[in-house]
Structures are given as C-alpha cells and as structure tokens.
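You will see two complexes here that share chain A, one where it goes with chain B and one where it goes with chain C.
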Partner chain A sequence: MMEKLAFYLQHPFVQYALIVGVLIALCSSLLGVTLVLKRFSFIGDGLSHVAFGAMSVAAVLGLTDNTVLVLPVTIICAILLLCRGQNTQMKGDAAIAMLSVTALAFGYLCSNIFSTSANLSGDVCTTLFGSISILTLRKEEVWMCMVLSVVVVLFFILFYHKIFDVTFDENFARAVGTKVDAFHFVLSIIIAVIIVLAMKLVGSLLVSALIIFPALSSMRLFQSFKGVTICSAVISVICAFSGILISILAGTPVGATVVGVDVLVFGVCWCLGRLHGGE
Partner chain B sequence: MTILTANQLAVGYDGKIVCDHINFQVEEGDYVCIIGENGAGKSTLLKTLLGLNQPMEGSIVFAENLQKKEIGYLPQQTIVQRDFPASVEEIVLSGFQGKMGLRPFYNHKERKKAKENMETMQIADLAKKCYRELSGGQQQRVLLARALCATERLLLLDEPVTGLDPRTMVELYQLIQKLNDAGITIIMISHDISMSMQYAKHVLYLGHHSFFGTKEEYEKSEIGKKFSQLQEMEEKE
Partner chain C sequence: MMKRRCRMRIRKKIKVWVGLLLFILMIGCLSRHKMVSIQQNHKKSQKVSIDQKVFQTPAGRKGKKISEKKEKEQDEIDLTVMSSTTVYAEVYNMMCTPEDYVGKHIKIEGSFDVYKDKKTGKRYFSCVVSDATACCFQGLEFELKGKYRYPDDYPKVNDTIRVEGTFETYQEDGENYCRLKDASLK
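Coming up: the complex of A and B.
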C-alpha cells in the first residue's frame, strides 16, 4: 500500500490536489469558526447557489469567462448578508435561505427559458460536486490558491483579536470605536472569493462541509476562542489530507470522502466532549 | 470642561420616539445618574450617546478631543450565544480593542491591566473558564472588567449592579467612586435610588417630563419627591 501511495505521490496532479485541498480546507476552517458562531453556517451553500444563478445568466448572455459576472455578484451577495449587522430583524439563516432559494430558482428559470445547454441536470450536479475535478488542476490554479491562502491566513493572524471582538459582541465593538462595518466588508469579500474559487475546484458540497465540520468538532473540545480556532484549523487540514489520500487509494470521489472523514472526526470529538463533560 | 451636551434630544427605534425633550450637559469628572421607570428609554439614550442608535431629533455634541477609544461601556444585556467558546480572559482583554488600532496583539501593559481589573472584580481565578458556564453575577463581573479595560475618560454603565451580591455591589460602588475621583466621568443607569443618590453629582430623570440637575436640586423638585415616594412605597410592600 505504501508503495502505491508513493507511486501516486510522484504525479504532479496528485500533489496539486493535495496542496489545493489542504489550503482550501485551512482557509475555510478559519472562516468557519466565525461563520458558525454568527449563525452563517449555510453561507457556503447559499453563496454557491447565488454563484450558480450568476453562471446561468452568464451562459445565457454568452460570456466566455463567467468569473467576471459570478465573482462580483457573489461578493455583492456576501456583503448584503454579512453587513446587515447584529440588530436587524431578519436572522442570518433566514436571509441566507431566502437569497439562496431566489438565486437557484432564478438561475434555473433563466437557463430553462433561454436554454442554451442541453444538459441542465448535469450543470446543477457540477456546481454541487465541483466542475473541474480536483485531480485535473492546472499549475496557475494551484498558484492562485496558494496566494489566496497566504492572504487569508495573514488576515487571520493580524486581525485575530478584532475577529473575536466583532463576533463576540458587535455592539460593544462599535461602542468603543472598532470599525465593524469596514471589517465585515473585508470579511465578506474574502468569503465570497474563497467560496467561488473553492466551488470551482471542489464543489459546493465540500465547501459547506469544510466550513461547518471543523468548527463544530473543535467546539466540542475547547472552551476558548483561541483553542477552537487553532484546533479547527488542525482538524480541517488533517481531514482534508487523509481524505484525499484515502480517495486516491480507494478510488472514491474526493469531495465525498473528505466530508466522510470530517463527519467521522466530528463523531469522535462529540464523544470525547461528552466523556469530558460527564466527569 | 464640558464633555457632552444633549440638546432637545429625542431617542427611539425605527422612527418611533421613546423619549424626547432631553436636555443635559455632562462636565469632565462628573458623576451622572440616569433614573426612570422601566421602558422610559434609559438604555436607548445610552445607546444613542454611544452612536449605536441614531438620534431621532436634536443633537449630541461631544467635546472635540473625546475619542471613542477613551469610552468604556457596560451594556444592560449582552446576547451571547449559548455555545460561544470564549474564556473570561479573552473577553476582558477585548476591552482594549478600541485602543489597539491596527496593532495585531495586546501588549504587556494591557495584559497586566486586564489582570488587575479581573482581580478587582474577583474573577482572577476564573480567567481560563468558559464565559457561558458562569453564573449570571459572574458574567456581569466579566463584562464590568471589560468595561474597566476600555475606559479612560468616560464610563457608561447600564444597571451595573444587577445580579451582584451585596458585598460586590458595595465594592463596585466604591470602585466607581475611586475611578471618578481619578477624573473619569461616569454616566450610570440605576434603579437603586438611595445608593446612587449617595454617590452621584447630577441626576437625569427620564419620563414624560424629563429632569436634569444636581442631586440637591433633584431631591427638592416635584418629580424627585414623587418618584422617591413611589420607590419608598414599593420598598415597603
């Protein structure tokens, strides 16, 4: 088995898949802690539906590179969702549900009426599970992913305390002069960019899982924000790495395997948390 | 020096006015108590002063050199999700966030000050504990310690003694007095009239006819007499 693994690891496409998978896992787990705590667990799903809607429109308009439409639209929706602040009437989950259903319906309607592509269910499927398989990444995509990850990790280290303050008590942060709106603005852009990128590479199913599971797992084990953040990054990276290796060895779909490992780890963490809490 | 002036101020939510014709003036080093019945708009006024709510009418003028990072704030309610992982230490330290600007980490001095404030509020031994697992009174002390970290010139407190045991309550009043002696301006909402009368320099009563004046003026005024009679009656019951 080790030989087989060593054989596969020589191939650049396997190396690329590992690098990109792990980096996306790292970024989304870092964002995940804040998103889960702000009741935005489903933002990955919601925004990828928005992106799907935008893609359909782009297809109807006949744009060759649909990123020029998809990315701005997704960013705008992310800003609309996150910058509404703590004191609004509608809760985050309801807003996301509304937006995502609307975008999905609109996108489907568009592509149905102006039907350009014959294979509609296929298109829907690729947005869910990743259009370009993670095993066929190009070098430029890997580089882009690396640059983006460095930006996200740096943002996280430099603004770690601000992220805590704004997530924990938005009103207090505002009262003592933290620029909450500017912060949310930057955060939304980062989230939108990561989701659009990750959706193309690994599919929206995996994005949502990567955002939710590590954060929830580590919240079973740790009581402090710092502990949870570090732990979820570690869990996420380990899960993505081992998930991709397993999928290569066993020939299973990458995204689904990584999600499976994440679920397993969540189960273990839940049990550990229970045992610890029961003492 | 005048630190803030409210002129014909009206406060409220979503276009609905809760309380209007509010006029008062706070001097540097003042100790103002805001009193009034439930729902009179005390917390709303405080939020408006902090810029969390927009004034409906009228104006608030701050001293030009007063910066947001010099203000400490204790909210009446903090809606914290039940599953939020946050240690006491992390929350108390977050009081310094306004002063950090773009500096990413807390410095040595701030950590020391946070520790002192935790000791004052007697929560030093809870530092590593999770906030959500504390009792109501302990949580109140954590938020107070955070407010103490944030304050440099002005401290706004919304019912700070709620949920505190009598001993901590007295200690808190003495602590606030000490801060006031050190030159920090205090604006405090309180339902504990007798205690606040003991310490306050000025009183702001919110109601149909709002009143602002020194403690002595308040005690002589119609509103003051009526309101304290009501309070006494309630206490007897």
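Coming up: the complex of A and C.
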C-alpha cells in the first residue's frame, strides 16, 4: 500500500491535487463556520450553480479561460445575495434557491442549444460532480489557488474579531463602529472566489458539503467559536487529503469520495459529542 | 454638510469598486501567467544529471546507478498499474501538455477503437480509457510498428487491449495530434 502511494505521489498531477485540495478545504472550512452560523449554508450550492451557468456561457462564447467570466459573475451574485440586508421582500433562502435553479437551467440549456463539446454529458457530469477536475490542474492554476488561499487565511486571521462580532450580533458590531456592510461586501467576494475554486475539488453539486460538514462536525465537539473554527479547519484538511488519496488508490470519483469521508467524520464526531453529553 | 457627506459616500463607493475591479484583474492575470521558467526547461533538456558527475567513489557509483534507475523510471509511464481515476487524469494531462510526455515510453490498457476519416480514408487506432464514473472517455492514438492490416491484424472494437509505445506529437492538416509511435499490442 505504501509503495503504491509513493508511486502515485511521484506524479506531478497528484502533488498538485493534494496541495490545491488541502488549501481549498482549509479556506472553505474557515468561512464555513460563519456561513453555517448565519444560516447561509446553502449559499455554496447557489453560487456554484451560478458558476456552472457562467461556465456554460463562457464555453458557448468560446473563451479559452472561463475564469474571466465565471469569477466576476459569481462575485456579483454573491454580493447581491449577502449584501441585501434584513428587511427585504425576498428572504435569503428564497433568493439563493431562485438564483441557483435559474443559473443551472440556463447554463444547461445554453450548453445543449449551442453545444461546442463532443461529449456534453461528460463535461456536465465532470463539472457537477468534480470527478477528475482536481487531477487535471495546470501549474498556473496551482499558483493562483495558493495565492488566493493565502489571501483568505490572512483575511480570516487579521479580521478574526470582526468576523466573530458580525457572525453573532450584527447590531452590536454596528454599534461599536464595525463597518458591517463593507465586511459583508468583502466576505461575499471571498466566498465567491472560494466557491469557484472548490468546484474543482468536489464539483458544483457537492460544494456545500465542503462548507457545511467540517463546521457541523466541529460544533459537536467544541463550544467556543475559536475551538470550532480550528477544529473545522483540521477536520476539513484531513478529510480532503484522505479523500483524494482514497479516490486515487481505489479509482473512485474524487468529489464524492471527499464528501463521503466528510460524512463519516461527521458521524464519528456526532457519536463522540453524544458520549460526552452534548446535544 | 449633507452634500459633503454625499460626496464622501460616493468617493468611498468608487474606491471600493475600483479595488474590486483591480482584484478581479489580478486574478485574471494570475490565471494566464505561465510559471514554467526557462531554467526549468533547460534542466529538463539536459540528459546527464549534475549528480552523475560527482559520483566517482564506489558508493558514488551505486548512487549513479540509483540516479540512472530514477531517470529510466521517469522516462517510462506505466498506466496499467494505476487506478481508473489516475489513468484518465494522466491521459487527459498528456493531451493538455504533450510537451511534458514527448519521448516517454507509455504503457496503457483500455478498449480498442478505430476511426476512419471519410475524406482521406485513413484509419486511426486508439486505446480508450474512462474515468471512475464512466461518463468521460479519453482515447490515446497508437501506430503499430511494422506492417499490419485492418481488420485482420487488429483486435475487435471494444476489446480490451494493452499497448505500449513512445509518445510523440505530429501535425496533420495544420493541427497538432498525439500518439504512441512504434507501438506494440499485448
């Protein structure tokens, strides 16, 4: 087993997959805690479907690098969803659902009508479930991911206390002078960037798992925001790393395997939480 | 006073949007920037490694053998011992960055397939592999060494075959293609 693992680790595409997978898992887990506590768990799904729609349009337009269209569109939708305030006619979950299904349907419709691919269903399947996207990364994409991950982690470390305030009590944060609107704006951009990156690891349909499961697992074990955040990051990194290795060794789809490991760890954490007298 | 506050708010919004645009542009530039340096390309093209020049002692000669063995392993890619997920990914990478694989000896196992060009009448033979979900397929063309006649000397379509050959790129009608040359069927 170890020899086989060493054999696979010699290949550059496996090294890239592990580096990027771990970084994506780390970033998504850090922001996942905030999103879960603010009841925005499904924003990952919504934004990933928007990104899928933008990818389809980019393919139809013949753009060689779809990031040029996907990232700005996803960022704009993230801003629209997260910076809407509390007194709006359409609440958060309805807005996410509306945007999500519209983008998914529109994207698939565009791909079918203006098909530019020889294997449309295969491309759609790969984008939706992330079976091998993480294993076909170019060096430039790895570097981009590393830079963006450093930016996200730095943002989280530098603004940790403000994130804590805004997560638990927005009105209090506003009262003590925190620019809550600006914070939401920056958070929207960062979430959009992470979602677009995370689609490479687990695909469009399973992105929410990367955001939700590590946070929920750590909430079974720890009560403080700091403890939950650190535990969530550790769990997410371990699950992503082991999920990628298992999929490579066993020949299973990468995205589904990573999510499977996340679910397993959630089960274990839930049991441990119950044993220690938690809810 | 009110006008001054409005102006300040507008300036703040402009700064934020400019910052956002710059951020998006930065990401766009990063995604296009090629990180392969000229030094790395030069090192790859050198056949004799620097380490080999240092190995003169008996222990060093053993080190030289290990270094030569490592070079041989790097020149050979055996896809028959890898899982379906990694085989598909490796073949996909061969199509995307063929320059990294030119000259390497490739062993691959998959389904046999043949395509006949209606304009030229030429036949192209390939070994097709699929990913873990079997929804995506990737084929690697091969050209057998020696004189072979289709269909007598070739397997049936969709038969499982094992092919090995040297990876190369070639041009046809102004397009670049990849294949295994001097291939043998097993």
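In this section, the second predicted complex is superposed on the first by the 237 of 279 C-alpha atoms of A that agree within 3 Å, B and C clash if a C-alpha of one lies under 4 Å from a C-alpha of the other, contacts with A are read in each partner's own complex, and residues count from 1 in each chain.
Just so we're on the same page, a contact is a pair of C-beta atoms (placed from the backbone, for glycine too) under 8 Å apart; a residue touches a chain by one contact, two chains touch by 3 or more.
Note that the structure is a prediction, hence the values are computed from the model and not measured.
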Does the superposition put A:I248 against chain B (first), chain C (second), both, or neither? second
Using the touch definition from the top, say if A:V14 reaches chain B (first), chain C (second), both or neither. second
I'd like to know which partner A:D181 touches here: chain B for first, chain C for second, both or neither. neither
When the two structures are overlaid on chain A, which partner does A:G227 contact: first (chain B), second (chain C), both, or neither? first
On chain A, which partner touches more residues: chain B or chain C? C
Considering only the touch criterion stated at the top, classify A:L37 as touching first (chain B), second (chain C), both, or neither. first
For the complex, give me every residue of chain C touching chain A. 16, 20, 23-24, 27-28, 30-36, 81-86, 88-90, 92-93, 96-97, 131-133, 135-137
The chain A residues in contact with chain B across the complex are 37, 39, 86-87, 157-162, 164-165, 168-169, 171-178, 219, 222-228
Hey, which residues of chain A end up touching chain C in the complex? 7-8, 11, 13-14, 65, 67-68, 71-72, 75, 119, 121-123, 125-126, 129, 131-132, 135-136, 138-141, 143-144, 147-148, 182, 185, 189, 193, 247-254
If you look only at chain B, which of its residues touch chain A in the complex? 47, 50-52, 67-69, 71-73, 75, 78-81, 83-87, 89-91, 93-95, 97-98, 100, 102, 104-106, 128-130, 133, 146, 150, 156
